[in-house]
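Below is one structure, written out as structure tokens; comments come after it.
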């Protein structure tokens, strides 16, 4: 079973729309922050200073699938519970569950590829090193 | 077959991340704008001034499923091609295809519910009126 | 002298632009969150549930003046130090200083008006109640 | 007198806050897009492909001063009128006026520095070439 990291989120006024609820792309934004938090909380540096993988830019998304079960509004504190469902050679499946007081509001499953971008070259995906997978599991 | 609306998007510097490519929640933001554009381009007013459905706040998302095929960067012009795959009683399935010069970059399928929010009451979904469905089809 | 509230901010990947530094409107977004935090940390509820001022929507901006002294990047933790420089009848001047490890990165001065928006009526500013000013000072 | 460029903006649902009006940092976002548009509409490429200035990342902000006169809401079409008030050696002052149907909603004055970021080096400002200033004036 995967390690689960917990990333706190405070919902701000400006995250909400004229219906008074969180504008949905902000849930994706928080899941992205939680994806970084998952790796950081295992002791890794930010991607831009990961010496073992020069020019690493992180894990761009190939696919997301998100269900919105309950709305949230400003002044509320949420938690993003993040884990990895599956590791493949160049890709991994990350799951984020956003909760408020133990109630699931939103769940997202992401397919992410580890990528580098050397100066002057296009973005390209690379094989996920064993040490990286082991360190965060 | 559904009507297809085409919503132009210009990618801005601030839409892009340190990898130099569009930060993915912006694709969701553009799909939401394209959802509004789909209805507006059929002659409907913005949701907040739709007299036939008082207190309408639009179509919150129940679920999104998005695939990211190719990156985009700033200075590029994209198009969002939007249609409706299916109408149900309270819910509809909207599809957005984001293209650059005819090449598909990103495709998203959304499940949306028509909702109202009278003052002092919670948000609630309502049946989609026949006239609304017919007018935009 | 004004009370000073301190609001923590974690810089996320998606807050940064292709230059690898925070895209500047995010500093304004954090100052807005810090403005809410200033009032919340004095014990006030979110504006939407402030019983003493029905239909309160908070404090829209009339003017901002912001200086950007040093850039920030993702993975960094910042603090927003917020205070009130001056209270007028319907308006107050709020100051936000964004620091990283004690170093000032960005400073903003905002002119804000307390506003309500009753259903079906336009937004309007109201006099700032004495109890509100005293409670947060 | 400076050339004036006009950049159209459509206000989207997700640009607005629970008060139903544009969340103010979006005005800064549109001014940044209009700053790029000012240079693009004079025939320049996006900053990342400006061959004459390798590693150019554009014009980061040193200071902004913005006044918000009237709110805007979704479904509205705005225009950003952009010009340059003053050119200095490494810095220029850009002015943005956001209008709706000829009515001024918001006005911002920005101090911007032309910057490059060679790989592995920090961001640094450079002198503004004469040809650049002349080409866009």
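As written, the chains take the letters A, B, C and D, and residue 1 is the first residue of each chain.
Criterion: contacts are C-beta pairs under 8 Å (C-beta built on N, C-alpha and C of every residue); 3 or more make two chains touch, one makes a residue touch a chain.
Computed from a predicted structure; not experimentally measured.
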* Structure fact -> Chains in contact with chain A and also with chain B, listed by label, are C, D
* **Cα superposition angle of chain A on its copy chain D, in degrees to the nearest 5** => 180
* Average the CA atoms of each chain to get its centre, and name the chain whose centre is farthest from that of chain A. => D
* Intercentroid distance (Cα basis), chain C paired with chain B, Å -> 31
* Report the inter-chain centroid distance for chain A and chain C in whole angstrom, where each centroid is the mean of the CA atoms. => 27
* Asked: Between chain C and chain D, what is the separation of their C-alpha centroids in Å?
  -> 23
* To do: Among the residues of chain D, pick out those that touch two or more other chains and give their numbers.
  => 13-14, 18, 20, 23, 25, 29, 32, 48, 58, 73-74
* Asked: In their complex, what parts of chain C are in touch with chain B?
  -> 13-14, 16-18, 20, 23, 25, 73-74, 119
* **Residues of chain C defined as touching chain A within the complex** => 10, 12-14, 20, 29, 32-33, 36, 40, 45-49, 58, 73-75
* Using the touch rule from the top, collect the residues of chain C that touch chain D in their complex. => 18-21, 23-26, 28-29, 32, 48, 57-58, 60-68, 71, 115, 117, 123
